[in-house]
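Order of writing sets the chain letters: A, B, C and D. Residues in each chain are counted from 1.
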Amino acid sequence: MIKKINLCIVGLGRAGRFHLDSINQLDSCTLKYVVDPSLSSNDNIVSENDFILLKEIEQALVDQEVDGIIISTPTQFHFNCICQSLKAGKHVFTEKPLGKSAKEIKICFDLAQKKGLALFLGFQRRYDTNFIELRNTIEKIAKVRTVKMSSRDNPKPSLSYLKISGNIFHDMLIHDFDMLLFLMGYKIPISVFAYGHAYDPEIKKIPDFDTVLVTLKYADGLICSIDTSRTAVYGYDQRIELFGEKGMAIAENQKNNTVQVHTIEGGYQHPINYSFPQRYKEAYREEISDFVKGIQAGRHYNIPKKQCLLGHLIADAAHESATTNSVIDFQEKYQKELC
Amino acid sequence: MIKKINLCIVGLGRAGRFHLDSINQLDSCTLKYVVDPSLSSNDNIVSENDFILLKEIEQALVDQEVDGIIISTPTQFHFNCICQSLKAGKHVFTEKPLGKSAKEIKICFDLAQKKGLALFLGFQRRYDTNFIELRNTIEKIAKVRTVKMSSRDNPKPSLSYLKISGNIFHDMLIHDFDMLLFLMGYKIPISVFAYGHAYDPEIKKIPDFDTVLVTLKYADGLICSIDTSRTAVYGYDQRIELFGEKGMAIAENQKNNTVQVHTIEGGYQHPINYSFPQRYKEAYREEISDFVKGIQAGRHYNIPKKQCLLGHLIADAAHESATTNSVIDFQEKYQKELC
Amino acid sequence: MIKKINLCIVGLGRAGRFHLDSINQLDSCTLKYVVDPSLSSNDNIVSENDFILLKEIEQALVDQEVDGIIISTPTQFHFNCICQSLKAGKHVFTEKPLGKSAKEIKICFDLAQKKGLALFLGFQRRYDTNFIELRNTIEKIAKVRTVKMSSRDNPKPSLSYLKISGNIFHDMLIHDFDMLLFLMGYKIPISVFAYGHAYDPEIKKIPDFDTVLVTLKYADGLICSIDTSRTAVYGYDQRIELFGEKGMAIAENQKNNTVQVHTIEGGYQHPINYSFPQRYKEAYREEISDFVKGIQAGRHYNIPKKQCLLGHLIADAAHESATTNSVIDFQEKYQKELC
Amino acid sequence: MIKKINLCIVGLGRAGRFHLDSINQLDSCTLKYVVDPSLSSNDNIVSENDFILLKEIEQALVDQEVDGIIISTPTQFHFNCICQSLKAGKHVFTEKPLGKSAKEIKICFDLAQKKGLALFLGFQRRYDTNFIELRNTIEKIAKVRTVKMSSRDNPKPSLSYLKISGNIFHDMLIHDFDMLLFLMGYKIPISVFAYGHAYDPEIKKIPDFDTVLVTLKYADGLICSIDTSRTAVYGYDQRIELFGEKGMAIAENQKNNTVQVHTIEGGYQHPINYSFPQRYKEAYREEISDFVKGIQAGRHYNIPKKQCLLGHLIADAAHESATTNSVIDFQEKYQKELC
């Protein structure tokens, strides 16, 4: 029988609570600690679960029983927390981003490699059953010539979150750039161009965009477009369309149920999934399950260093394009940072 | 170049006007006469078209230029009109029914055969592109074990029409029984059973049903169900589902357009086709085109005599079952009339 | 904090393992015992879980810590096991059937009531999100005039199971009759009629049917049809269509993912859910969760005695109809047993 | 009764034959002449129809009975033919383009206006029932923030056609730019950017692209993307998605029929419409019908001059962007030509 993996969650906000649920559902791991200075032992989430609540991470890091740290703190603490955990000999699962820059991303991966530890990233869409199936269908339509993604959030996040989120390219679109890498493999664009607009005056003031269209071109002819919105009242809209030489493949949104109602007004169906907790419910569990299996099997990443770096640099390039209204020659300006 | 076929329409009611439109759209035929005592030369439909308006059929029957008669009179005149036309040496296309009884149906077919003339029936659903495609898919799922049909009318016909329509079995379900024969071939049921109900008190008084479920069983195990309603507010609902050893095939309703609207209320589509003129628009033209081609090619029927008879007898049996609340042994009670 | 409920599963076959999984996923209950004479402590399912394995139920019944018994033995043992558990003061969740007859069903419910204990039935479809939503839409289309259900199993159960399953009416269709009660409320048919056929010669020998169509009529005009097959190669097919005065509502099958592939051959989607463990995965968890909540809240059933009895008697009537090829006057022949 | 309109078709190639069919189906007009030097009186299309075949247009232009000229010659002859017809006092319906340049487009419209004659353009998509319905739904989701169009041709046109087609921007995308104007009204972009690629080496040699992505931005924040391909093996793919503040509206492709087949391999549907004659069959008739009605009612255009000009200039800008790999400041470079 395989040993159960002991985990510690750092930061029990929204993402941390998904991870708590996932661990509760998995037989393969146990939650020993939660580090969160904002919680007390009287909080329901503490009293109804069996973990030990800590104010600081140190006790978990020195506990020999702890195998892995799950980092879901506010983003500005990710980098330090990752480094500290790896140095203490713990496997790490972290929400994105690893750090503020390509340099910090490299430091994290290099440290994990040097220590022989796992470094897993919370790009949960890679665990979505629809996108996995989409990737499996690519050979039926290959070679892919055009990729179109819709990635529209619902509901709009709070302004306080948006202010510390980096920007829409690093906070939202980073998932889409990662999905591009997941679907098409490691592939470096030659050109990146983006249009952005802020309908929300508060978002404009940050300054950030709430509506964006990013387009990319690759040397072999592949053209991609990704459109994003911070709000989509009809539900959480994440679809991908691949157009290839032999056909087209589409991953559609999920619906909450299969009921259709037909009246004199027409045909009606329930809205699509309301938001990401609904859409990625199972993906959130799968990503933790995969982290645990990775630890058990000595598999040390779910996203390779160079893919993680490339996604980050595409976000940089798209941000530069949208703010300068210029076409970015990716190979000239960003490719050197990939090394 | 093939000779154009000259036609005469008898009865320019709703069905007659479909046929007028069809002839106008077809290059292969010309409308020489319309017989309709209720029309005058001042009516728009007369002044805007080139046909000669007659009060009586005789002039058309003695005109050597006329090849075929299209009969769309009220149903009680069909039988006499068919016989008169065939005796005058004219090919006949007629709306159902041929007559009041199996005996009259036989007389019509036998007369047509004796005279070497075409006798075509207006079972327009056989020309519907969806049902044709459904029949083409049967081999992919064969052998068929269960057939389910929905046949729901919209809007409810007028009471005056319903009073002279025969009954729901001979007026509406006859199309579904014919579709069974079209899809499954000539196949005699061993048993027929039907439930009926009249929600509309006026229909109850006729007496007739407005809601019916007919079930049939065949010696090889095939089981069929057909549900009918005189009204379906969401549109004209005619669907068929075939369940077979290797799979299932479904012919769905048609929609007026492909637009979807997604809002906070959910996903919305236009209603399905409102009624039969929308759903069978092209089928109505195809049936007249097929009649013309039949005349040109010496092909003398679109529905064989024995299929026409069998459909009629199944309607008789279903009517008997629903009104007596008993299972009908079809082979014992009706099969002899097939000869 | 609400007390955790301690449970014992009797019979760790297919259904028992679903319940084991459900309990593992629920925070509100703990599995203390499993009774299954065919298991040993070396079996993986025993070593990987924390329950105490018993050969006989007695030890669990005398354990004061045990609140409820979940019965998933072969069907012939249900009745005795229910009675024994209730007499021992334990709440009971049981797979159907409660017993062989209406009499045994009554005994179970009366005993539960007398003892003030919960008696829950494993009609998992009542917990299916699609059927729940379907019920919620009824008022939009009411009043319902026609109900059509498809209930096609996949894959075909083993012959050894089929031999002890009772018959297709009590083993499969009982779920559909229960769904009728769930959707339409307690409503007694006036007439039942069924056609059945056995394509599989082994099933014919039992004797049983593998393909069935049941139709029911109610005094207010409502007509229902249910078609069943022991096999449906394209997947587990459970759909319901409600046709009402104001419209139509349909609960469609679920798909495994949302991917569409379009090639020169046409549009393609993955098969629907393969079988009931996929389709009712969440419903199986919800029914155990509901049992636990029922115990906690003093709510003593999920399906009322009279609904359970009525479903059973409809199955009796349908079986009688199909085997005698006659229309069953339900009120005359079965209604008295409802009391 | 309204006077029938007499028409002359110039050029009986593929488009010309659609117009011939349309006129045959319309009661409101008659085809008197066809001008096509490549046809002889022995050709089937001539012998089977009633028009007078001419080698030169002059006879039609001097015939007082002729009301309108339909121009479907090769594109290089459009401009002269339009001018000649208008000068002769004839109403004109013409396939795009009106001419080679914004200047020629202006000349045509100005001439038509001066002469008080109709000048209609064959942008048939404006008559497509799906796109009309899409436009009707805009208010439900307004204000629109993102427009996404797919416009993928099937099958690939012949190389000889492609060589004289202008380029993909003026030959294909011009329809999409026109659709943007149809849906969003007269709205001038501030910025245009395009990526293009030629997978087909023969198309590369022209030089032209076969795969293109055009993006546009407007001063109010609206962002549009249009992706095009000269080939789409799964059928003629023309879809539009509008994303707005209150929701999303989509016009999907049409299917040839509604049949679904479900087997162990999954769910299957027929391909979408094969090509534009299938998809726009009714639109082709509607555009001629609208031209005839325009003549009858004294309505002199279906697309206003300024919309036609703007579409042409957007095509120019997109072509410039794709060939120079630069963002085009539309207002600086092209807006002056709108006057």
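Some observations on this one:
In this text, a residue touches a chain if its C-beta (ideal position, glycine included) is under 8 Å from a C-beta of that chain, and two chains touch if they have at least 3 such contacts.
Because the structure is predicted, anything quoted here is derived from the model rather than measured.
Residue contact pairs shared with B-C exceed half only for one pair among A-D, B-D or C-D, and that pair is A-D. Greatest centre-to-centre distance from subunit B is found for A, with centres as Cα means.
For the pair subunit A and subunit B, the distance between mean C-alpha positions equals 59 Å. Put simply, the C-alpha centre of subunit A and that of subunit D have 43 angstrom between them. Remark: subunit A and subunit C have CA centroids separated by 40 Å (rounded to whole angstrom).
Among the residues of subunit D, those in touch with two or more other chains are 233-234, 246-248, 262-264, 270. By the touch rule above, subunit D contacts subunit C in their complex via residues 233-235, 255, 262-272. For subunit B in complex with subunit D, the residues that touch the partner chain are 1, 24-25, 27, 47-48, 129-130, 133-134, 137, 140-141, 246-254, 256-264, 270. The touching residues of subunit B, counted against subunit C in their complex, run 145-146, 148, 150, 152, 191, 193, 195, 197-199, 211-213, 215, 217, 221, 223, 225, 227, 229, 232-234, 237, 243, 245-248, 325-327.
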